[in-house]
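Two complexes, one shared chain (chain A), two partners (chain B, chain C).
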Partner chain A sequence: MAITESPRFVRADGPDKVTGSGRYTADMNLTGQLVAKFRYADVASARITRLDVSAAKAMPGVFAVITDEDVPDVHYGSPVPDRTLFARDAVRYEGEVVAAVAAVDAATAQSAVDAIVVEYEALPIVADLEASMAEGSPLVHERWETYDVGDGTEQRPNVASFSSIEKGDVQAGLDQADHVVTSRYEADGTHAIPIEPRAVIAQWEGDKVTIWTSSQVPFDARNGVCETLQLSANRVRVIVPHLGGGFGGKCGFHFEAHVAALARATRRPVKLVFSRREEFLAPDRRRESMIIDITTGVRNDGTITARTGWVAVENGAYTADSAFFPQLSAMHVAGPYAIANVFIESSLVYTNHQPSGSVRAPTAPQACWASESHNDEVARAIGMDPVEFRRRNLVDEGIEGPSGQVYGDIGVRRCLEAAVEAAGYGDDLPADEAIGVAVGWWPSFPGPSGAYIKLDGDGSGQIITGAQECGTGSVMTLRQLAADELGMDAEDFQLVYQDTSAAPYDTGATGSQTLLNNGRAVVESAKEIAEQLRELAADQLEAAAADIVLAGGNAHVAGSPDKSVSIPELAGIAAGGELLIGKGSGTPPEYPSASATCVGDQGMAGWAGPQFSCHAIRIRLDRETGVVRVLDVFAAHDSGTIINPVGARGQVEGGIMMGIGQALTEGTRYGDDGRQQNPALLEYKLQTAADVPTIHTTFIEVPDPNAGPRGAKGVAEAPNVPTAAAIANAITKLIGRPVRQLPMTAERVWTTSNTGSEQGGES
Partner chain B sequence: MSESFDLEVNGVAYPVSVDQSRNLLSVIREEIGLTGTKEGCDDCECGACMVLLDGQPVNSCSYLAVQAQGRSITTVEGVMQGDEMHVLQRKLLEEGGVQCGFCTPGMIMSAHALLDRTANPTPEDVRIGLSGNLCRCTGYAKILAAVEHAAAELG
Partner chain C sequence: MSFLIAESLDDALAAIAAGARPIAGGTDLVVGARHGKEALPDELVAIDRIDQLAEIGPGPGGIRIGALVTHATLMTDPLVVAEFTALADAAALVGSPSTRHVGTLGGNVMNASPAMDTGAPLMVLGAVADLQSVGGSRSVPLDELWTGPGTTSAQADELLIGVTLSSAPQRSGSAYVRLEYRRAMEIAVVGAAAAVTLGDDGTIAAAEVALSAVAPTVLLVEGVGDALVGRDPESAASAAAGLAGEQASPISDLRASDSYRRHCVGVMAKRAVVAAARRAAGEDIAVPVNRSIGIGAA
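And now, the complex of A and B:
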């Protein structure tokens, strides 16, 4: 097999995207189409005492108004089925859908939404994480004990999922310490903010529905429609046109079933397009707010003797895919360090806020920010340079990590050294500049996936894959994998993707898993075709199939390149008989074992294909205003083998810019009424082109045999894990104490610097 | 109140009859049928709806269609030069400046306006010129490089 280096990888969907011809969901329209709009709760916590849609239904141009009464009685959500499509009896956050309207145009639909009468009896608003967990707190879900939760999910009052990681004896470890350092950190929630607001179109034909939607996970979306509208999988076809970004915000199952239900009720195609404000308020996917308490025992030589942690992760009003967040956050509070004695407990806490869900490396940027800031505090307590402190404690090959997993060949130490060396760490800097360093990690997510490949009679290929392209380019890269197996060019293949009725299952653009899992499936499929081509060529060339080599678009006999037949010729022969079709899913990598004791185990203690990263970030601080400017980011990443270098660098750069936003400007503010106070891009500030630092990326390529094709691990989520932490450590160097709230806005930096208000510290 | 007039988009005069309150973006997308121009926020914050109005970049979400009468509008569909991609389009692909692609049309229009008015932009000119267009995928670095390389090629 020849591996093709592609220094100038031009994505197959690129021409569509730069010419404006590419169609995203909102760009499509169907004849007779109606417009959907939702009536939202607008209050954070209340009992519904009256819901009257009769006036809305009677309006001219209104084709349907539907509520909870019009859809099957289904609680959905895995592993915590605490949701219904429409509010039933009560509303638990401001963006909860109470009713849906389909009307002839947007203005009519909005008038009908406004004409729906909803009366409420106010209920207490649960907003604070600690208050929510306190005994006697009002319950966000009064009947939580009746929910049929999945095995292993540990629930408590107002806690949807609890996990702990316990190893060794933390009290003994703390007793051995020369210093014990305790810290508290608090992170605000943030949003994914893909630039494309979501859109859904549904159309029924007989008893089958086709749904075009801006989903990152079309099979999850289909399964959600099947579950909530009680349809078989072969009656629901989900197609994703071009997808305008997701970052996890478009994972899960959102509004496809609402629109499908409207389309069924009206016997018309129905289209929903969200406004930016709706994007902020309604989806059950935003990055969770967190409170993180950490205590570390350390000896004067830098050895960590014990770490304890208490973590509260905000779930919001309903449980999306977040049940594994507690255990994941606990791993990040521990970090990639060899710690003998560990006890970390983490709770996913209900509030009357928007639900949380998988946004790019869920829980990790916040937890890494806390633990890596804390690690700098620990280093200061013993008078050790923070980089040296990390050198003393980082995991390595053959070393047991905090959950008891013993690692293979990993690049974490090389990441640290590469980043600090590139940054010139330790060199003199101007008085208003500093370099902060942080180390992060992130798992790969092995899972089921499938693909087919067919070669037509002219030798051109099609890859029919369940994978979803969210912008990363990883689906585009699949062509190269098939081409390399078959001795063909990537350009010989077209992709058929993002259609649940065409392709086998894939978990979608989630968990940085496309190349890891679907790459494996595509390689398996291509191998089947390669075998068939070799058999055909063996007949033509009168040689053994095992001696046939596929290269340069031909099949030739090994050692005799002139004894060859072209692949198109073989495909032409096959077209008259046995068709050239390959299928594959392959065996996913195994999840390694971890020896720690875990209550509420969600499978996150042993990581397959662990990715490592180190960011060394140089900042400048304006002490008068507290404004931080990021000047240079030196990023070193072990994501295993890098197959598409341009695409991988793009992921690192994008992740870092998102991380800078989380560090400095991005955060949702809530009012006492439980409502978001800044649900608009004017008040929720993203980084712009004018803010871009110089980003220097180094890949530490350590192939992982228990990961994806050629030893590739995931790439897309890891880059925004340590960014905020590195910036925090730089800020602390300049102002002398950590900013304990995320984002570290100019106001918070200035206040911390000038008033000395902070909690925690050495005890 | 509805008004009938011609809108000149990419050199073609389209007769439209629309309510005076309609924004230029919705008329370009829904009446004329050119969907390359995107709506990302309806708030002048994201730049996905950027078009050129007599060569000047304008957020079409916040510009009334009736105000564009008698003026020349360019959208991303009008950037190609015959069958050839504009150097900006080509460089964006070569540099890896396109990921999800939703911000790309607006980026191209802002960059186009920048290169039209500044023959040899400095890196800072490019950063400022694109600062009204949000991108969540790329971290901007490859977009900035693409525009700088395009400027160099245009000389």
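And now, the complex of A and C:
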């Protein structure tokens, strides 16, 4: 086991952010700028019977009021084209944008928003996942049949996408079992809550628009503007100033086109800044609610003989990037276990709630919470220690997982052992304390990505990258990769980033992919420059280029370190001739195959660079009130090679805190009117600094040859996966039965422990 | 809109007599306005520079804690911690360090939220509110001051200049405990304060219990003296829990259901009595009690 303790971490944006000199989108102002505000639906489900903006338009200081009629007729959304920029005919969730105003100041804009006349005819509210799928349910989208995504699955009303994992013969497996355990779990939706509410500024110059936006995925944002406003990619430039966090909430394409359309209509720069309340209600990115039914057949020796699952994942009113959620959730219901017979089906279900989207490890924390709680129930049914039960079933090198993928060298078993050993699992604890254990997994996401590097005449470098920094430090780490390749220091490089017109494409701060893919691109770029430097040095030192070593800021001949020339000197020579420019993209790692049959395969059954984790969490329960306090988290993670230990540790700690919030205190509540009841930070309870437990992190470094630079896998999302599950298992140990709703609020814990109400159980 | 910074108490009294609303730390008034609870008043008088209202010391009829004393001071002031420990417990739980350094006792009392944290401690400690206007001054017991959620019996031209408490008797102690789901930036789901005096034999000689967030105003539990006197602290605590649960009239909202609140307020009352009795017996339980026993203990 490797425990990384090196403090090496170079963070170029740190001083800016800490001293306040860094500029975020909301800090920027342009000459002549107008203020944008939106009129939202404010009802969950209704037909628009009248929309009259004339009074708002006529108000002094109002420069534009635009609606669906003022933008191109485009249904967008990939792969399910179910959306328009502005509501057309109907509204399907309370935060849907009906109209947008640009005015001289915020107060005027708000008055104009209030002066817009919208009349509705109420439509039924679809809120319950099971009811939504039932025959005869009211439809969220009347024209659902036109949304065929062409994946061959049979379309069903109110189901945006469907997938299954089918392997072996589950009935035969269940027949072989000594016990069959069935459970139901239900998770409420949650929010990403970046500290910076989003902001967008758009300015046109001729037929080109520049958009400054707080996006995690500037190229997606650009492509969304191109699609909806029908512009070519080279006429839309998206720039992201410093980003105040995202956690997935700022993935996708959001309000850039609305603001660009206002700026075009008014011929002025236009700025939109969200309030916290808007940040809760409007974006199409929040963590999906879920219902999860699981049945497992198990033999008395602990062998899982079969697992079946039925999962309903809440899509909300529109399909953001959620189409692949069914298969991803199914993988987490299966878990990293060698199960021969599997049948799990999962549906993405429309409701009249805010749309769901990729919030940090989408579907995984909820599905892992359900399956790992269920695994503890299964272990209990056969009287086996839950850790031992996992030892008997975990995947490993050469073993086939639930989707039929056969794994290479992986650290999942070492993660389990490291976490339980560090936690002192099995030692005596006070009566109100317990340790819960859960294992999680998460894929890495190979994809295209690009970067350039240039060394100027003084030998200083610039990395021009398409990658987006969302606070994780992954873009910052790119400097280290370039420096190592060129024998230079990370401090010798500046980053030019978050500008879609300056740099080649990258997927953005999503899918834990930055270091994995853009790291590869930067290394490729640096290699081109290294080649050039070796040629130049070979001339200077009268040696063969192949014998030149780049180290310590110099180029020297292998074996004779004093026969050297400095890199700045070489750069000076190049400045007068062929310039030092490197470009890189490289071939992404391959997606491994998976032998399971998957109806509606969404590419999530075979995982490249699979990451594994185990959290062993010690909690204390206040039995009289149900309040749970997390005392210690022992986290062991296989994210491959750890290139930046300080950054990786930060990701683990942050992911765990998000997981604790999801486990205990967060959760969106909806009223019967289909509207959020707690869209504010007083009633939507994040964890605070005062709640942070002691977090003990161990990295199990197993380099993966089919992953990122030096065998690194992703690390940003994985830490969020098993936290709630481990807490759940600790709670169950203390109260004797699982809490079947997430979050496991104090009241739910107290109610479960006192009323003994339990669904499901052993048959 | 007008905004006046009062240099003296007379300035402030004159301004509010002319219709201005006092603002101390602004953590209720300004934050509430931003959240659309109530628009900022057109005329404001800032009272935060009137130093004489920020003092703690002997006054007419007992110890006066000035209206401008902040929660940060309340939770550390040696006299408050020694004699009015429940008040220090409560102040230490308010919001975050920044809320505690800006928010004042007077603002908390006059904001009159049933979920306010200093209310139940003041109630069990028998505090009276000292009100002053250009026309004169008067003192009002707290259960007569609070008339409903957000309303008081003070006149619009009356300023709260402080609260007055009697010195704590021998062998007495007090404590405030609240149910919280996280350890900072929380609002009381329910809370309970107890003040207890022990007799020579270690049984309860006198006791009061008050509850937060279970009624339209902070609620002084009736019949506590009769039910608890003569009992040992453990059984007294159970009796207090029973009375608290019976007399509470909690609502259901996002934070908790009424039945859970009713149950938990009993638990809080029990813990408050136990902690107060231990303090009365001379034990040093650090402020706030919430970090020492039960919920969220370290």
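Rule of thumb we're sticking to: the second predicted complex is superposed on the first by the 748 of 763 C-alpha atoms of A that agree within 3 Å, B and C clash if a C-alpha of one lies under 4 Å from a C-alpha of the other, contacts with A are read in each partner's own complex, and residues count from 1 in each chain.
Please note the rule applied: contacts are C-beta pairs under 8 Å (C-beta built on N, C-alpha and C of every residue); 3 or more make two chains touch, one makes a residue touch a chain.
Note that the coordinates shown come from a computational prediction; the quantities given were computed from them, not determined experimentally.
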{"item": "Contacts of A:T688 with chain B and chain C, given as first, second, both or neither", "value": "both"}
{"item": "Contacts of A:E388 with chain B and chain C, given as first, second, both or neither", "value": "neither"}
{"item": "Touching partner for A:T625 - first (chain B), second (chain C), both, neither", "value": "second"}
{"item": "Which of chain B and chain C A:W750 touches, first, second, both or neither", "value": "second"}
{"item": "Chain B versus chain C as contact partner of A:I195, first or second or both or neither", "value": "first"}
{"item": "Contacts of A:A680 with chain B and chain C, given as first, second, both or neither", "value": "both"}
{"item": "Per-residue contact with chain A, leading partner among chain C and chain B", "value": "B"}
{"item": "Chain B and chain C footprints on chain A, overlapping residues", "value": "680-682, 687-690"}
{"item": "Parts of chain A lying in touch with chain C, wherever the complex brings them together", "value": "620, 622, 624-625, 627, 629, 664-665, 669, 677-678, 680-683, 685, 687-691, 745-747, 750-751"}
{"item": "Of all residues in chain C, those that touch chain A in their complex", "value": "35, 96, 179-187, 254-257, 260, 263-264, 267, 294-297"}
{"item": "Touch list for chain B against partner chain A, complex", "value": "29, 34-43, 45-46, 48, 75-77, 79-80, 85, 89, 92-96, 98-105, 108, 126-128, 130-144"}
{"item": "In the complex with chain B, residue positions of chain A that touch it", "value": "8-11, 13-24, 26-27, 193-197, 242-247, 275-276, 470-473, 646-647, 649-650, 652-658, 680-682, 686-690, 692, 695"}
